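By letter and in written order, the chains are A, B, C, D and E; residue numbering begins at 1 in each of them.
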Amino acid sequence: MNRVKALVAGCLMAVLAVPSAFAAVDREKLLTEPGVFGTFAVFKVDGDWWKLDKAARGSAAAEVKAVFQKHADNVATDTYLLRGLSEKADFFVRVHSIEMLNNQNFLVDLMGTTLGKYLQNTNTFNGITKKANYVPGFPDDLKAAMKTPPDPGAKPYVIIVPIRKDAEWWITGQDGRGAMMKEHTDATVAYLKAVKRKLYHASGLDDLDFITYFETGKLDDFNNLVIGLERVKENRHNKQFGSPTLLGTIRPLDEILEILAR
Amino acid sequence: MNRVKALVAGCLMAVLAVPSAFAAVDREKLLTEPGVFGTFAVFKVDGDWWKLDKAARGSAAAEVKAVFQKHADNVATDTYLLRGLSEKADFFVRVHSIEMLNNQNFLVDLMGTTLGKYLQNTNTFNGITKKANYVPGFPDDLKAAMKTPPDPGAKPYVIIVPIRKDAEWWITGQDGRGAMMKEHTDATVAYLKAVKRKLYHASGLDDLDFITYFETGKLDDFNNLVIGLERVKENRHNKQFGSPTLLGTIRPLDEILEILAR
Amino acid sequence: MNRVKALVAGCLMAVLAVPSAFAAVDREKLLTEPGVFGTFAVFKVDGDWWKLDKAARGSAAAEVKAVFQKHADNVATDTYLLRGLSEKADFFVRVHSIEMLNNQNFLVDLMGTTLGKYLQNTNTFNGITKKANYVPGFPDDLKAAMKTPPDPGAKPYVIIVPIRKDAEWWITGQDGRGAMMKEHTDATVAYLKAVKRKLYHASGLDDLDFITYFETGKLDDFNNLVIGLERVKENRHNKQFGSPTLLGTIRPLDEILEILAR
Amino acid sequence: MNRVKALVAGCLMAVLAVPSAFAAVDREKLLTEPGVFGTFAVFKVDGDWWKLDKAARGSAAAEVKAVFQKHADNVATDTYLLRGLSEKADFFVRVHSIEMLNNQNFLVDLMGTTLGKYLQNTNTFNGITKKANYVPGFPDDLKAAMKTPPDPGAKPYVIIVPIRKDAEWWITGQDGRGAMMKEHTDATVAYLKAVKRKLYHASGLDDLDFITYFETGKLDDFNNLVIGLERVKENRHNKQFGSPTLLGTIRPLDEILEILAR
Amino acid sequence: MNRVKALVAGCLMAVLAVPSAFAAVDREKLLTEPGVFGTFAVFKVDGDWWKLDKAARGSAAAEVKAVFQKHADNVATDTYLLRGLSEKADFFVRVHSIEMLNNQNFLVDLMGTTLGKYLQNTNTFNGITKKANYVPGFPDDLKAAMKTPPDPGAKPYVIIVPIRKDAEWWITGQDGRGAMMKEHTDATVAYLKAVKRKLYHASGLDDLDFITYFETGKLDDFNNLVIGLERVKENRHNKQFGSPTLLGTIRPLDEILEILAR
């Protein structure tokens, strides 16, 4: 009960991932279909930013919003606050479009704003969505379990875990990898209601093989889910798991800009 | 004798972990119960801070205290001085609450103060407390030994050791891990009086599996304790042990602010 | 269809690698012959650059172009935009000449311009082109397949993947390495139309053994190509693969200068 | 001969470790007894320091000396110049006392001086002295050899090598470790005259197991000593050896301050 | 032919390693005898340097030359330009003398000049020259081959490769290491004309075992030499090979100062 109150009263945080107010692009399609390019651009605000007067920082917000608006026909964007929960950055933007070039052009414009000139781009992860690779080979009961819809409640937390597999993983045949992924997937079933998940393939587009993206309202469940995934044999092949793990909260652009303008 | 004098006369350091003066939240519960979220936010003061005049630095202190006050209903905080004993940072704040979001909101406000704008957030560790995992399977005499209360004397030193286990650790079954943890725990019995310990689980919330937190008045005992832990087989599975190890002293917020305002 | 439109309408990007307007050197020869020295100079613009007024930034462009012009008899240059798709840098220049010294002299002059003084040189990769090492030993059908010309369409994306092999790779005899490279090459055949590739040898000239350079219009195909290369046994000998992988777009110098002058 | 002249004429360097002029604490005891806490605080001077005018830099020296004086009852200090021989730092201070807190309080005051505000604290190593662990089990002739006093001549050079052992080292029993340490010690006998050595235990106080400290006048002998130590089996268990190795010269505080005030 | 022209016409670069104009010390002896201490001090010019006006930068040159002159009785110096070919630094100075202290005193003075205050000392490597260790055990024909004098032509390029061996290398007996070094040396014979080489021993003086220094006019030959060295079994024992590899050109001090004063 207290916990629920804390979630409700503690901040103005949006309780659902808030689609950008300017979204003209077909957001639903971009977020669900294969063949979509996703770019996660992570930023830390330079110390000099805070030395600008408050008015200058405030007026910079309108400029940023105009860039989001300008590209709304080409990219779908989501914004997240890392500040306070990660030393690595202050916030990040997830950008989806049908062509990576759109992501670049949007981010070049964002970085060209007054605020952008004070942003250090601490990480950028690039990936592409694909059809599930191993699911077709799973037994029917697991396939059915995987259709469990997430609970309707608030999922204010976001976690990104970039992953790189070792050579042995890739050299293992499809059957061997499929068996390990079945064991991996079995470990996730208990958490499908509490944790939403999205996968991006990154080999060759970044120094990663996968970008795993999670939304949840229950970080204790998420902690248990990751422990479960650490216990399966597929974990032996994670050359990189996190590093960085990015933990933050889903926040509308306006709220992030307000925090930076205070 | 000399040593005791040094401890008493050498500084104004609080001889016990000092609960925040503004604590309205149920601190005792947060510090002892499972399911509590802990965030360790580690800061280094930027060189430009020291170029502010002394009055500006002094007045910034009141602003910081107001932030601690404002969030006292939601978070329990403790403060620690690393400066002088670690090149990695100057001080850190341990934040406990029933929801990670509270920790973030408090830290966003802290980082938004005049002082906060001069702080480099060099590390943030996030974890959750849980019921003991292996203790129920331990023999009765070990269970009894573990109830040894810490000595009542001063425990001015703090040490944080973040830990990440290898894949083999997690893939080992509960019994195998339990046997190794029994050996680990046996090695700690001789130091239960001199060293207080608290454990946070971090898998998926950070690039760690555990945050281990210690308070002691006897660093020679603590050194021997760690050597004892290095000698057990469980140590083979520590992919990361420290890096950074943070050694500092427990200090009230006022004293840390005074050091930064000098 | 939409995708094609996005490519055409989304930006002013050159659809082909644009030869420098000032090229007096025999560019075609430099880009195809063995024994040519290639230097990839990667730059990030310092935050202070953006604090210059727009006029100063604009006039710096003419100075940069004059440096490209001055060295056009000695080096062939290509320019690429990383900004937005890589946190590591904003752009890079690929420099080819018959003597490494020419590359150095050009880059020393470039770094000596007004803009150059605000550039952080985040990476420089040096290599040399050579005749194919393993191809003569391949079967005829593979040799024939390797002659597949790339599709004529736009290849706006560039990817650089630096590679270092382990000691076992080099100690393996020519036959053993040849067999692994045949398997590697088999995996590339399906992508020869979509992905152009160029190889530079770097042992002793840099902390690398190879610089692999790719141009493509289809990042989904490129992702699949890299997954294919991860699945062959030769991948076991990649001590370093990427780190950094640099993903960007081919852009004429004028466009990059315009982005920096905005 | 020339070499001796170089040593004598080349600089004002103290030919022996110079005890702080203000030493009121029992320095001899602190430098020889077990149970003493040693902190090595390593500093690099910030670029902005050199932009202060010479008078300001000169007057800062008196302030630094006053801090050394103020703490002379609690800590014994030695100063060393790294500048010129290590890119990692400019100088370091070795601090000994009977309680780590004294080391911290001294260093907090040092870092609070005008000079201190321009110092980057690039490394801090913390350790504790102990009675020899393996020597009691050595054969009598080795015990006798170890009593060889160092040559009386100048030992102007200092080297610090931090060390971390692997898990196998610690899990090996006392006998197994003792046998390896005997082999290690045999390799040092030929250099006992030329090289003075002091050992600090650091497990749990830092991300290290040992801090090894050396003084010598003959760097060629020291190089041979380290090669000898690399050749014994115990070297297989050095997970970290150096990184950083710090090579410098013993210099009185006044001389270091004079170099920084030039 | 073109290539030769490029070398001649492309720059003012000295075609031979240029001895410092002020050399009063016995340079020939220092460069050939065992027991000489070599320090490689690598520098990157701080961005603020370029914001000084040109006159200030120009007058700083005379100050630097005076430091080289002042120490010419004690140290032999050579200067090299990295700028353009390495992101890691702009230039380095190689310093030889009969006592490491001389190297330090020279470098402290150099870093104390106006220019020096804008230099970031990105790397310093320290070593000592010794008589050949393995050559006496080589067969006569190899000994004879090793006497091949380098070609008289220009050797404008310099490469430094720092090396650290693994524990197994050192624990292997002299015979075993000698056999591997014979195989290593066989691989170098074909390149003795094109590549000059000098070896420094660094164990204990730095986080390295060896500093290998090369001069060549033919980078293609040098690349092949390194590939040859990668193919011998001794390469299995290189825990570190390069990282950083420094590639640059030999340039007189005046030319480097001129580039920095432009």
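Rule of thumb we're sticking to: contacts are C-beta pairs under 8 Å (C-beta built on N, C-alpha and C of every residue); 3 or more make two chains touch, one makes a residue touch a chain.
For clarity, every value in this text was computed on a predicted model and none was experimentally measured.
Student: Would you mind naming the chains that touch chain B and likewise touch chain E?
Tutor: Common neighbours, chain B/chain E: D.
Student: Between chain A and chain B, how many degrees of rotation does a Cα superposition need? Round to steps of 5.
Tutor: 70
Student: Over half shared numbers or under half: where do the identical copies chain D and chain E land at their interface, same or different?
Tutor: Answer different: the two copies use largely distinct residue numbers here.
Student: What whole-Å value do you get for the distance between chain B and chain D if each is reduced to the mean of its CA atoms?
Tutor: Using C-alpha averages as centres, the distance is 29 Å.
Student: If you average the CA atoms of chain A and of chain D, how far apart do the two points sit, in angstrom?
Tutor: Distance between chain centres, rounded to whole Å: 47 Å.
Student: Name the shape of the chain contact graph, picking from line, ring, star, complete and other.
Tutor: Ring.
Student: Going round the ring from chain B and on to chain D first, in what order do the chains come?
Tutor: From chain B, continuing first to chain D, the chains appear as B, D, E, C, A.
Student: Can you check the complex and tell me which residues of chain D touch chain B?
Tutor: 35, 37, 39, 41-42, 46, 48, 74, 97-108, 111-112, 117-118, 120-124, 126, 128, 165, 167-168, 170-171, 201-207, 209
Student: Show which residues of chain D lie in contact with chain E when the two form their complex.
Tutor: 2-3, 6-7, 10-11, 13, 47, 50-51, 81, 83-87, 156-157, 159, 161, 219-220, 222-223, 225-227, 230-233, 235-236, 238, 242-245, 247-249, 259, 262
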